[in-house]
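Okay, so chain A shows up in both of these, paired with chain B first and chain C after.
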Partner chain A sequence: MTADAFLFWFLAIVTLGSGLSVILLSNPIYSALSLAMTMVGISALFVTLNAYFIAGVQLIVYAGAVMVLFVMVIMLFDLKSDTVAFAKGKFTGALKVASVGLLAGLVVAAIDLSKGLIGVKDGENHLVALGDMEATKSLGRILFQKYVFGFEALGVLLLVIAVGAVSLARSKGGTHEH
Partner chain B sequence: MGHDIFEITVNGIKLVLIFLLMVQAVPMLVWLERRGSAFIQNRFGPNRVGPLGLLQLGADAIKFLTKENFVPTSAKKALFYAAPVFALIPGAVAFSAIPMATPVYIEAFEMFGQNWGPYRFLVQGYEIGVGIVFILGVSSLAAYTILMAGWGSGNKFSLMGALRASAQTISYELALGLSIVGVIMMFGTFNLTEMINAQQGPLTFKWMEYTVTANWLPNWGIFFQPLGALLFFTATFAESNRLPFDLAEGESELVAGFHTEYGGFKMNLFFIGEYAHMMIASGLMTVFFFGGYSIPYFSVADVQAWALSVTQSEMSASILSALLHFLSFNIKFGFFLWTFIWVRWTLPRFRYDQLMDLGWKTMLPWALANTIITAFIIYFATI
Partner chain C sequence: MNTDFINQIGLNHYLILAALLFTMGMAGVLLRRNVIVLLMSIELMLNSVNLTFVAFSKYLGLLDGHIIVFFVMTIAAAEAAVGLALAVTIFKRFREVNIRFFEHLKG
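Let's look at the complex of A and B:
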């Protein structure tokens, strides 16, 4: 086994293991910490693909900022009653069955759609050919020229989500009710 | 890592050495901090144990190691033990990516009946193309160790301290990241070594078709990005939880913040983590704004040519130039570390709302303005 293959299998096992523990652990804090570990693993996998910039941004944005906020918020709640409500009951049982069905559908569709994609490796990694700064520059050009509408729309979507979350929290029955 | 067993071994040893270098610098900094604070406050400081109180460090280490291993009953054991260990990782990994001197060239030689080399070893743990993005990404993971420690301790003061500390770290990360966007645009690279190479020679401004050269100043980043440097250095104080931003501890309100329940060697590991953040900040400050390892008024190429003329051998010339540059790096590096200590004993602590106001309402807008102005100037200067 070459060093690259070893690295890939090691990182894949770590990432998948921590990804699984996100859903298998009953304590939400451990789940959130496992999710952070998954992000770090994905970032390391990007490094093995020579996509250094994406790896760094993945670390800064997801692992370093978004997940920290999640963990912080979860730590502030008293989660004993929520854990029981989440783990038992007919409604959550139905939700679980539905999610299993959705996941199964996703897996089947992913395998079906990726036929012909897996196993094809032309040996040329285009990001390597470009170099780090050039790869980042071309990423910037693609984001801000070709897909600028989608990029801006995503920004607006995030703003809508933020406003929606605040208004939900302030509405009747919310956590910050007036 | 390398092409053959010799290169891999040397690179592995180098990683360990840089980690030890970082850990060994901590007791010296602690001594400097205690003597320095005493000097600033017109006291004596530790001066009883050994000459100048230097053996106090050894005494402290023995005390840390022999303390009782204590875990509160309400603590989550796994997290409580894991947090101090994880506190070391981001600092150590990020510090290894900072270049400290010019590479060392080793000529081909014979050993164990085999031919080896030639080799070129960098005086840094490893080189990463996107150096700065990597360092920022890894050191942003430090917030987890604080949260793990605070929540794992099962103590309200610890949790409050951890929440404060991590909220502060995330808030100042924005200003920190934005303050160096100007530097990245100016040098046009993420690579720290290339940034140092761009800061050689006398100060040279280019504006449209004019070029202004100031021979009496080195070509350092701080003359191009003074605001960026100020914002960056301020944000790193908040990132490493040092005064005037050490709200994480806040003894008067929170006992000792997230490490209230930690004692002995576990506490010591957090301490090393904090100093590691200071070292990363000082190293990056040197690289971005003060020419890195280069010696002012002498470009790296000059020094290498001089070393070659003295030693007459490429290998010893590279070693000599690496030593000189390492010394130059350490002088600048040490100055910023001293500034950290200096500021800590000079300024009082902020109130929490003042801290958040400064981060979000003052530093973030200024950092954004700096980015936009830099972008405009670069655009017009290169028309």
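Let's look at the complex of A and C:
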């Protein structure tokens, strides 16, 4: 087994395992920690895909900022293990699991059948010709030229979100004023 | 046992991994009742989509996928902020963050 293959399988197992424990553990703080582990695994997968800048942003934004937000809110609530962590109802639960399994099977089968339709040869690597600095440089160029409108719109959206989140959180009496 | 599937890592491997992560997130949203865990599952789904974008970006040789990943990350952070603010308001009133209290939200 080559080093590349070993790295991929190791990261895949880590990511899938911690992803499963996000939804299976009944204590929310363990879920949050597993989610942080998943984020780190996905960031490492980005590195294997030569997306170094995205991997750094993933670590800073997700494993840093978003996870701190989650953990802080969980600690604010002082949530112990959920008494009713999962939805009640055996039949509907089985139905949900079945539909999730069906979706997984459909997607995996579709990916497997579409092999060769996308026009990519397995193992071929285009971006590796660019050095890491070159890739980041052209990333910035695309972001500020081709997608500059989306970038600006995103800035406005972030301002709206910041104001909205603060006003939501400090409204007296929550959503049910009385 | 075909060792080619294990040794030759290609686009399909990443796509299938992302699909499995997505369905995990979907299962979390469907099965869990805690709003915070629900938000985490949504983050899981968004991350799997990011992985798909980056994998396609590498194997098609286009950098546009990376830009979309930036946008998705920003939207995900914004969504987490608003969702957690809503969870805080729900918790203030009901002392619990079960999803069933979201049935009777009022402005």
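Convention: the second predicted complex is superposed on the first by the 128 of 178 C-alpha atoms of A that agree within 3 Å, B and C clash if a C-alpha of one lies under 4 Å from a C-alpha of the other, contacts with A are read in each partner's own complex, and residues count from 1 in each chain.
Methods note: a contact is a pair of C-beta atoms (placed from the backbone, for glycine too) under 8 Å apart; a residue touches a chain by one contact, two chains touch by 3 or more.
As the structure is a computational prediction, the values presented were derived from the model and not from experiment.
*Asks:* Using the superposition on chain A described above, determine whether A:Val108 touches chain B (first), chain C (second), both, or neither.
*Replies:* second
*Asks:* Tell me which partner A:Ala162 touches in the superposition: chain B (first), chain C (second), both or neither.
*Replies:* So A:Ala162 only meets chain C here.
*Asks:* Who does A:Leu76 touch here: chain B (first), chain C (second), both, or neither?
*Replies:* Both partners.
*Asks:* Have a look and say if chain B or chain C is in touch with more residues of chain A.
*Replies:* Here the partner covering more residues of chain A is C.
*Asks:* A:Thr2 in the overlay: touching chain B, chain C, both, or neither? Say first, second, both or neither.
*Replies:* Only chain C; A:Thr2 stays clear of chain B.
*Asks:* For A:Ala65, is the partner it touches chain B (first), chain C (second), both, or none of the two (neither)?
*Replies:* both
*Asks:* With both complexes overlaid on chain A, does A:Gly56 touch chain B (first), chain C (second), both or neither?
*Replies:* After superposing on A, A:Gly56 lies in contact with chain B but is clear of chain C.
*Asks:* Taking the contacts chain A makes with chain B in one complex and with chain C in the other, which residues are shared?
*Replies:* Correct list for chain A: 53, 57-58, 65, 69, 76.
*Asks:* Going by the contact rule set out above, which residues of chain B touch chain A in the complex?
*Replies:* That would be residues 128-130, 133-134, 136-138, 140-141, 143-144, 147-148, 150-151, 159, 162-163, 166-167, 169-170, 173, 177, 188-191 of chain B.
*Asks:* For chain C, which residues are in contact with chain A within the complex?
*Replies:* 6-17, 19-28, 30-34, 36-37, 39-41, 43-44, 47, 50-51, 54-55, 57-61, 63-64, 66-67, 69-71, 73-78, 80-82, 84-93, 97-98, 104-107
*Asks:* Name, in rising order, each residue of chain A that touches chain B in their complex.
*Replies:* 29, 33, 36, 40, 43, 52-53, 55-60, 63-65, 68-69, 71-72, 75-76, 131-133, 136
*Asks:* Any idea which chain A residues touch chain C in the complex?
*Replies:* Touching chain C from chain A are residues 1-2, 4-5, 8-9, 12, 15-16, 19-20, 22-23, 28, 31-32, 35, 38-39, 42, 45-46, 49-51, 53-54, 57-58, 61-62, 65-66, 69-70, 73-74, 76-77, 79, 82, 84-87, 93, 96-97, 99-101, 103-104, 107-108, 111-112, 115, 118-120, 122-127, 135, 138-139, 142-143, 146-147, 150, 154, 157-158, 161-162, 164-166, 168-169, 171, 173-177.
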